[in-house]
Structures are given as structure tokens and as C-alpha cells.
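Common to both upcoming complexes is chain A, partnered first by chain B, then by chain C.
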Partner chain A sequence: MPGSSKKMAQARLPLVAFFGALSLFFATLEYLFPTPPWFRLGLANLPILLALDFFTFPELLLLLLLKVIGQGIVNGTLASQAFLLSSSGSLASFVVMYMAFRLIPRGWISLIGLSLAGSMASNTVQVGLSMVLIFGPASGIIAPWFLGLGTLSGLGIGWGAETLKRYSRWLRRVKLGQSS
Partner chain B sequence: MAKARNSKHPDRLDALLHPTPRFLWGLALLGVLVLAPRWETRAAVMLFGGVLATLAGKRISFSYFLLLAGTVVVFHALAPFGKVLIMLGNFPLTEGALLGGWKNGLTMAGLVFVSLGTISRQLHLPGRFGKLWALTFSWYEQLMESKSRVHPGAILLSIDRILEQHYPTRPGSSPVWTQEQRSPHGPTKASGWALVILSTLAAVTLAVALR
Partner chain C sequence: MKPFDIVFLLLSLVLTAGSAWAALAPTNAPLRLEVQTDGGLYTYPLDTDQEIKAVGPLGTTLVHVEGRAVHVEVSPCANKVCLAMGTIRQGGQWLACLPNHVFIRISGGSAEASIDAGVF
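Up next is the complex of A and B:
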């Protein structure tokens, strides 16, 4: 019934907000790991990866919006080029991960594969935008380094998400609560 | 880049300005920064943005911004344009490329500085999305209070426990998701308005005078 499905969607909104908060929390935990100043691990994408299995497409878009705008407000970069790069990278990553998640049969691709695909998409878009908007075409020479590090971080985040998915009792209970 | 403020670095602008006019002020300064034809105006706005970010309690890493601006200049210099200043072997170092890179580097640093100084965490977003954002932010603050309980040796287990604490899933328990009641922010003070109007006028006047 449309009424009851609307009620269910309303009831899931707090969970969307919680996953958004989790993304911001992971973005903060990122500072525990040493990285070059021009490179971010993208830990905030870990909850998005986990959320693919929980939410509908509009709910996932809402989560993405909470993540990118939230990061812009919490970090204070909402009106800078950092926000443009980060939001474009996040959107590209989300589109690729969501399409792979929906189109590739379950069991053929793990969260590590999804994360890797998302990371490549995000880094490609960010390198392209920084070549056009910030550094100029000559900066293409750093693209292999950037994409190489992005591949490593994508693998790491995918591994973290896969491990949480397998062993997290909290995620299992949330999933059970949603299906009941 | 810059670290979020903490109790040792309070946001001094918060007492003067309501988050919404503060945000709009930032947009006006960013407009001047991006549209100003001369690099001197952009440098002035960038420096002012640095002062604002510092007043907002953000600890700015100037070495990061020197690296950012330096990298932009170097990459622009690789694409020769305009009058040749000097030949480095077979490579012409040109005035146009250097100036273009310098202006772009200042703009990039200025965008981040002004944004850091004028975007407040208390910024209220309108509508249903704004309410959802307020709920997200409230949970984020609660999760941040548990940050010290993340153990690097057992990172996943400790995160799992924190999640269970803040969004309980055990039978008989339910998540506490009543929206945090934030106390309303005070209005912008007269000194705050004076700062906004004078600084915006000064930036516009400088941009027009130097064009």
C-alpha cells in the first residue's frame, strides 16, 4: 500500500541521517592516518558502501547530499573549490558504485570491487576538474600518482567495509530490524 | 589544510554574527575574490580571509597553502604564454604564465580561507532537508564524543560498540532520534554589521580602484 510504504520510508529517514553522521565521523577519523596534504583517503565513503544494501536510490541520494554538504559545513569548505572537487568526486563514485551494485549479479563483486570502482571514478573526476579549474593541463603528470594512491585507498576502504559487513553485529541487527 | 576549532581556539566571530548573514558575507567576499581582475585585490581578500579563518578558530597550515599556490604557479609556468622573461635551457619562462598561475593560486587559497572564516557549523539549512541535517549533525556530535573510545588495535570492534550505543538495535531498545534542541543563535550585533559592511565595501572599492 502506498500509505504504508510512505510510512516505512519516513521511519527509515533517521537511519539515513545516522549513516550521514557516520560518514562525517569516518571523515574525522581520517586524520588518524598520515597522508600527503593533497590526498584524502575517502573514509567517509565507507558508510555509503555499506548503505547500498540498506536504502532505496532516493534515500541513497539523500545520504550522499548529507555527506557532501555536511562535510562542507563541518570543515568550513562549503564555498571553496575543495567542496566542488569533493562533491563531484563523491557523486561520480556513488553513480559508479550504485550501477555496479545493481547491474552486476550478487556474489560476482564484493564491496572491495565496488569501492575500487568508486575510487577510480572519484579520482578520475577530481584529477580532470583540477586540471581544468586549478592547476592547468600540465598537471596531468601527477595523475598516475594520484590514481595509484586512490587505488590503494579504494582497496583499503573496500576491505574495511567488507570486514564490517561480515563481522558487525550492529549492522546485522539493523538489517534484521529493517526486514522484519 | 585546516583543523576544526576546539575549546582552545574558540570561534570569535560567532558572538558577533548570525550564521546566515555571515554565510552571505562570505559569498560577497568570494564574488570579489573571483571577479577581481588584478592579483593585488585577490591577495588582499585572501589575507583578509586568513584573518577571518584564524578568528573563527581554524588553525591554518600556511605551508599547505604555500605548497598549493606554488604548485599552481609551477604547472601554469609549464604552459608558456606572453612575454618571455628568461630562457631555462630550451624552456621559456613567460610572464603571462607566471602571473596567471600566481593569480589562480591566490584565488584557490583565498576561496578556502574565506570559506573557513564564514561558514559556521550553526548554519541553518531550510526545509525538511534542514531538519534532517540538524538530526545528522546532532548524531555526529554524539559520535565525536565517543571518538576517544576508538582503539586502533581493535578498531572495528570498538566502532561496533559505539554504533550500538548511539543507535541501539537490541530487542526492547529503540534509537533516540529526537532532534537536538539547539538554542537559537543570537542576532548579528551592530559591530558585526559594521565589520560586514565595511569589509565588503573595502573589497569592492579596492577591486574597482585597481581594475
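Up next is the complex of A and C:
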């Protein structure tokens, strides 16, 4: 019934907004960790990883938009070239994570693998863009640091998301609320 | 860890190793100083003492070369990370001022030099 599904979509909108707010909160939390200025841990990705399970594709896209804009505001990069890099990275990471989540059977991949795939996609696209469009080929010298640190942070964030998914009662309640 | 977690972990490691190899591959070429700006890539000999002016969107980044050692002397950027990065001497080492779009790296050099680059 289109009417009831529309009502349901409206009921879920605050939840999308809440996950967007979580992304913003995690983007702020990143300042706690000493990282090189050109590197981000990607903590803001955690809510997206968790949301893959129960949001529809348009809802996920909306969440991604909230994350990208929120991150731009928190980091103060909204109007700079860095925003082009980070938003393309976020988009690439989302596309790869979503495809892996849909195409690979549940028992074969956990949030750790999804997070690693997303981190790899984001960092590869950012290094590629910075070499081709912004800083020139010499900036490729940063690639191994970017990809290596990205592997570590992807692993850590995936592990955190997987642990939350397994043990969080709140997440379970959110999920039950969705299906009822 | 599920099978595809391991697949993506291995892929990430291969990609990292591949990019490290591409960026820091030891060659027997003589050491040269490469300065990349918005205006293009400029190459200088490392054994000539000189001041190099790298012009970017914020202004001029002054690169000081003396006794085969390179550091950023003056930078128009706000955070001065490029100055804090200190002095580089060996192949594979680099300095960067992202706000002013200036990349400085030493290319060429031997295998043991590129190991030192990993200590940054």
C-alpha cells in the first residue's frame, strides 16, 4: 500500500536525521585523536556502516548527504578544495560499501570487511583526485601513508561497528522498531 | 573475521604496499630535488646551495637548500606544518605545504635511503 509505506518513510525520517547527527558527533570526536592534518580517521563513517542494515537506499543517500555537509561544517572545509576531496571520498566509499553489502552474502562479510572496502575506496579516490586535479602527480608520495593509515582506521572502525551491532540493545530496538 | 573481510584486508595491504613501492622505489639515479607547484613540476640539483621560490595561491614558499639538506624557510600558510616537518636529506623524503599547493621531494637515491623515509 503506497499510503502506509509513505507514512512509514515519514516515521523513519527522524531516525535518518538522528544518524546524521551521530555522524556529525563522530566527526567532532575525531579532534581527540592526534593525526596528520591531511588525514581523517573516518569515525563519521560508523553510523553509515550501522545504517546499511536497516535504511533504504534513498534514506542512506540522505544520511550520506547529512554526513558530508556536517563534516564540512565541523572541519571548516565546506568552501574549500578539501571538501571536493572529502565528499568524493565519502561518495566512493558509500557506493563500494553499499554494493558489497548487497552483493556479498551476509555470512561472508562483516562490517569489518565493509569498512575496509569503504576506506580503501575513499582513500584511493582522494589520492587519485589530488594527483590528477589539485596538487599534481608529486602528491602521490602521500599515497602509501594515506592507504596504510586508512587500512588501520578502516579495520578499527569496522571492528567498533561490528561490536556495536552485536552488543548494542539500542540498535536492536531500532531494528525491531523498523520491522514492526 | 569472515572470508570477504580477509579479502578486503589483503587488498588494502596490497594497495598500500604497491603505492609505497611506486612512491619510494629505490633507484640508482642521482638525488634530485623536485618542487611541485600549481605552475608545474620543477627539478633542481641537490648539491647546489640555493633558495627556491615556490609560488602558490597564498604567496611564495621559500625553500632553502644548503649542504644537500632541504627545508622550508618561510611559508605564507597559517599552520606552518611545512616548517615543522624539518629538514630532508635522502631519496624518498618529502615536505608539503597543502594550503599553498607546494610539494617538495627528493627523488632518486639508494635502498637504505628509502628506509629512512619511512621514519617520518
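In this text, the second predicted complex is superposed on the first by the 177 of 180 C-alpha atoms of A that agree within 3 Å, B and C clash if a C-alpha of one lies under 4 Å from a C-alpha of the other, contacts with A are read in each partner's own complex, and residues count from 1 in each chain.
Definition applied: a contact is a pair of C-beta atoms (placed from the backbone, for glycine too) under 8 Å apart; a residue touches a chain by one contact, two chains touch by 3 or more.
Not measured: the values here are computed from a predicted model.
When the two complexes are overlaid on chain A, chain B and chain C occupy overlapping space and clash.
Judged by the touch definition given at the top, the superposed model places A:Ser119 against chain C, while chain B stays out of reach. Residue contacts after overlaying the shared chain place A:Leu147 against chain C, while chain B stays out of touching range. Once the two complexes are overlaid on the shared chain, A:Leu24 sits against chain B while remaining clear of chain C.
Contacts of A:Thr163 after superposition: chain B is touched, whereas chain C is not reached.
The larger set of touched chain A residues comes from B, when the choice is between chain B and chain C.
Applying the stated contact rule after C-alpha superposition, one finds that A:Gly136 touches each of chain B and chain C. Once chain A of one complex is fitted onto chain A of the other, the partner contacts of A:Pro58 are absent, as it touches neither chain B nor chain C.
By the document's definition of touching, of the two partners only chain C reaches A:Ile109; chain B does not.
Touch criterion met: A:Leu155 reaches chain C, while chain B stays clear of it. Once both structures are placed on chain A, chain A residues 37-38, 134-139 are touched by chain B and, in the other complex, by chain C. Residues 37-38, 100, 104, 107-110, 112-114, 116-117, 119-120, 124, 127, 134-144, 147-148, 150-151, 154-155, 158 of chain A are the ones touching chain C in the complex. By the touch criterion given at the top, residues 1-9, 11-13, 15-17, 19-20, 22-24, 34, 36, 38, 40-41, 79, 81, 92, 94, 96, 98, 101, 103, 105 of chain C touch chain A in their complex. Those residues of chain B that touch chain A in the shared complex are 1-4, 23, 26-27, 30, 53, 56, 58, 61, 64, 67-68, 71-72, 75-76, 78-79, 101, 104, 108, 111-112, 114-119, 121, 123, 125, 129, 132-133, 135-140, 142-144, 147, 150, 152, 156, 159-160, 163-164, 166-167, 169-170, 175, 177. Residue ranges of chain A in contact with chain B, taken from their complex: 13-18, 20-22, 24-25, 28-29, 31-32, 37-38, 62, 65-66, 69-70, 72-83, 134-139, 160, 163-164, 167-170, 173-174, 176-177.
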